[in-house]
Amino acid sequence: VKTQRHAESEQAAKILGAEIEFFDAGDYPLRVTEKMLDRLVDIYREVKPSFVLTHALNDPYNFDHPLAAHLAQEARIVAQAAGHKPDPARAYTAPPVFLFEPHQPEQCGFKPDVILNIDEVWETKRKAFEILAAQKHLWEYYTRVALNRGMQGGRNSGKAMTYGEAYQRLFPMVTEELQ
Amino acid sequence: VKTQRHAESEQAAKILGAEIEFFDAGDYPLRVTEKMLDRLVDIYREVKPSFVLTHALNDPYNFDHPLAAHLAQEARIVAQAAGHKPDPARAYTAPPVFLFEPHQPEQCGFKPDVILNIDEVWETKRKAFEILAAQKHLWEYYTRVALNRGMQGGRNSGKAMTYGEAYQRLFPMVTEELQ
Amino acid sequence: VKTQRHAESEQAAKILGAEIEFFDAGDYPLRVTEKMLDRLVDIYREVKPSFVLTHALNDPYNFDHPLAAHLAQEARIVAQAAGHKPDPARAYTAPPVFLFEPHQPEQCGFKPDVILNIDEVWETKRKAFEILAAQKHLWEYYTRVALNRGMQGGRNSGKAMTYGEAYQRLFPMVTEELQ
Amino acid sequence: VKTQRHAESEQAAKILGAEIEFFDAGDYPLRVTEKMLDRLVDIYREVKPSFVLTHALNDPYNFDHPLAAHLAQEARIVAQAAGHKPDPARAYTAPPVFLFEPHQPEQCGFKPDVILNIDEVWETKRKAFEILAAQKHLWEYYTRVALNRGMQGGRNSGKAMTYGEAYQRLFPMVTEELQ
Amino acid sequence: VKTQRHAESEQAAKILGAEIEFFDAGDYPLRVTEKMLDRLVDIYREVKPSFVLTHALNDPYNFDHPLAAHLAQEARIVAQAAGHKPDPARAYTAPPVFLFEPHQPEQCGFKPDVILNIDEVWETKRKAFEILAAQKHLWEYYTRVALNRGMQGGRNSGKAMTYGEAYQRLFPMVTEELQ
Amino acid sequence: VKTQRHAESEQAAKILGAEIEFFDAGDYPLRVTEKMLDRLVDIYREVKPSFVLTHALNDPYNFDHPLAAHLAQEARIVAQAAGHKPDPARAYTAPPVFLFEPHQPEQCGFKPDVILNIDEVWETKRKAFEILAAQKHLWEYYTRVALNRGMQGGRNSGKAMTYGEAYQRLFPMVTEELQ
């Protein structure tokens, strides 16, 4: 199963134009090691991402999701500690964090702060999604989610859109203009 | 007192480059009439504002603030009802709503979603503020608030700023790009 | 518009096998009168419903919805006050209250406590829904909601179902058996 | 002390007609091992319980309670992972979870969703309770809790009852009929 | 009924050593008039109470309770508005507000911040309570509440006490010493 | 860096008249060992503090803070377990816990329950603070926080004060008098 999942993930990443790195932690149960944290800190510092996407903070259906979110957050913080693997030349700013929508948002305390218009990339997303053969029953589910978030996006903005994604921000947005 | 407050408010508005319209409701206690709601609906439709600034939804220290926020919200909704003073030619989209920071944010359930960098307009804001002679004891208070929100803005974005304002969004932000 | 809505509502009620009574309050803005409250109290006492369905308690998009929910709740309570239109022969027990799902559940603080399997009545519901010509754009929206709630129902119960409705309970369920 | 507690628990279980299995973890502080999780997963799969009773999710007075609740939840999820000790013949559905009432419910964020009428089994419960000699001061406390929950149950349902237990559901109830 | 309630309340007030003033508002439904607010403002200014006791802010079982709490709060605020019936000689400071425990605390969002030891006055309270003949079924209920809050008070403080009352503070406590 | 921090902390403690003991855990990431918990339990039992000051329960900017708060709480509970290092002669009562104000209170779910007037000790606090050379940019920040909490304290109590500290209580206050 694991091998197949790896292959599928790599194929999906390719469609999305993404690089992927596996940590090879088991997920039933998922347990995080100091080595994983350390590697993720390094990745933050190397990649300097513009933003981070991770799971909701709570999810009574999936114990591995909040744990992964916790790891993503802790590594983000440790990465900006000057005292961790000190290097005066390093420039790193902790990026904004966005939580993506869980399967049952209200049970996870998920509240959308942002609706992202994904009309232009929907076809690509759907193709990547269809790689995950084991989750075929979820293809239609998440297509419906995207359509409904799209309609909500239209209602909130007054500009029609078809497909949307909902995100919760973990930190306040800093801006020079209200919009 | 009322006359003086009017004059001060007009002077402050002038400094800010704002137009002002008084509803002349008493505020101890503030009571909202259907006529005020109706007038505010018309203003929304005429002005078509890009966003609305109003009070926090709860404030155990100021019963008039949440009531004003409620009026601002209800008028915003009624304004988009085709059935209210129908006019097929009308184009109106309900604007985003931002709650500004109350005096004791935690007691009002206020949680900042946005920190606005106001460095460029700080001097103007302070001048407008200093018109309000009766609230002289608050000048320094709110200057400290602005400096501390500025430091928080810097911490959240990684880009230094001096003065900030905190806002809570009432509706999800709709966007084409995560940032 | 009002006449057409009346006609549609009556037609939909017929399909559902429901009786309907209009209070003829305007809805932009909706205002509740003592007479409406009084009439609703009488209806509770006459009908003695097994349960009540009403709107979510908060809805920043629809000020009339929470107000209607408030009326439904207050009338339910007044109906059991012995001192209101006293009648020693009256037997009335305040029924359970269920809030149905609003358009944007997370923005309304709506959290599902119950998922109702509606597979057997789906066709009827859809037919009733299709009467509402003005809300045609919502037909597909709510069909997707029903399909997704159905999948969630299956996930929560372990028994497959296709269409579901989500409800929030206002009061604890009293039962003789945990299930 | 431990020996005595074992004996008491077994005696109480006998009165209740329950089977009991000790994990022999210390509880000041309680620490959970992978072996315990693994054993609990097996128990879920063997017993296929109709529901699970566990502690509140938070309890600032008892650090072992939320930890036990976490273990109960995580094992419930792992038990349904096909990849954990794979066995194609296995049929297992994760059961509903009910949190029972902690000593100081409001401090633990406990909110009753269900009030269970326990009139018929009260005598048995009280007998089992009285086995726990060390907690004698709590016998009357929990009897009062049961009487007050009973009165609340009566108020919520309109049907008199004497003894009640309050539970919080962790997942939505899936049903074919609103009640 | 009203006459009897008046007489009982006066008798209970006498036992407690309290003065009482009736506003004679109906309570099914309770409606607040400007005159009541005005009278209550005057009372605040005359009595200058050390603290205020009122109902919980929400109560889905009793619509009159939150409304009374709202009135108590609004009058408290208006009382300190210099512009309302101006009198330069007036000295008035808005007092702390404590919410007492509702019948079903968790359903009302009630969270105890304070547990008051009432051992010394319990007998008096019980006597006052027993005047309310119509609520006889509640005597034992509230005695059990007092005993359980007493045991919680003992657990929180480490000093045994028998009877307690739970309160929620509406405003932060200002103090010169942590305790 | 660590050596310097130690020296500064000792110097600051001296100014405050405090004893200090270092646990020498790293803080990027902070990890708690059973030995630390055990030592902290002993300290509770030896010192029998009147109250405990610790960090907020959540802080998305500082993963070590909530972890330290968790340790402070768990040790406080274990310290009162008779079964942990039994000693019949021991007298220990778990003390009240106060959370001090984090850098961004609203992002940490921090809600002030107590405002402490620190006018008399402000000079000493500021001197201790100025020892922390690395956090020089925070001196003015926290001075502003103290001034604003002071003004809030004045507003809540009606008695002017200049410098304040805000605390959140973790447990209800037990008292013999409402104030």
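By written order: A, B, C, D, E and F. Residues from 1 in each chain.
Everything below uses one rule, namely that a contact is a pair of C-beta atoms (placed from the backbone, for glycine too) under 8 Å apart; a residue touches a chain by one contact, two chains touch by 3 or more.
Everything numeric here is computed off the predicted structure, so don't read it as measured data.
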{"item": "Labels of chains that are neighbours to chain A and to chain D", "value": "C, F"}
{"item": "Between chain E and chain B, distance of the C-alpha-averaged centres to the nearest whole Å", "value": "35"}
{"item": "Centre-to-centre distance between chain D and chain B (centres being mean Cα positions), rounded to whole Å", "value": "49"}
{"item": "Multi-chain contact residues (two or more partners), chain F", "value": "61, 107, 112, 152, 171-172"}
{"item": "Chain contact topology (line, ring, star, complete or other)", "value": "other"}
{"item": "Touch relationships between chains, expressed as pairs", "value": "A-B, A-C, A-D, A-F, B-C, B-E, B-F, C-D, C-E, D-E, D-F, E-F"}
{"item": "Residues of chain A defined as touching chain D within the complex", "value": "1, 27-29, 60-63, 107"}
{"item": "Interface residues, chain C side, partner chain A - complex", "value": "61, 103-107, 110-112, 137, 140-141, 144-145, 147-148, 151-152, 155"}
{"item": "Chain C to chain D touching residues, read off their complex", "value": "50-51, 93-94, 96, 98, 112-117, 152-153, 156-159, 161, 164, 166-167, 169, 171-179"}
{"item": "Sites on chain F touched by chain D in the complex", "value": "34, 37, 73-74, 77-78, 81, 83-84, 170-172"}
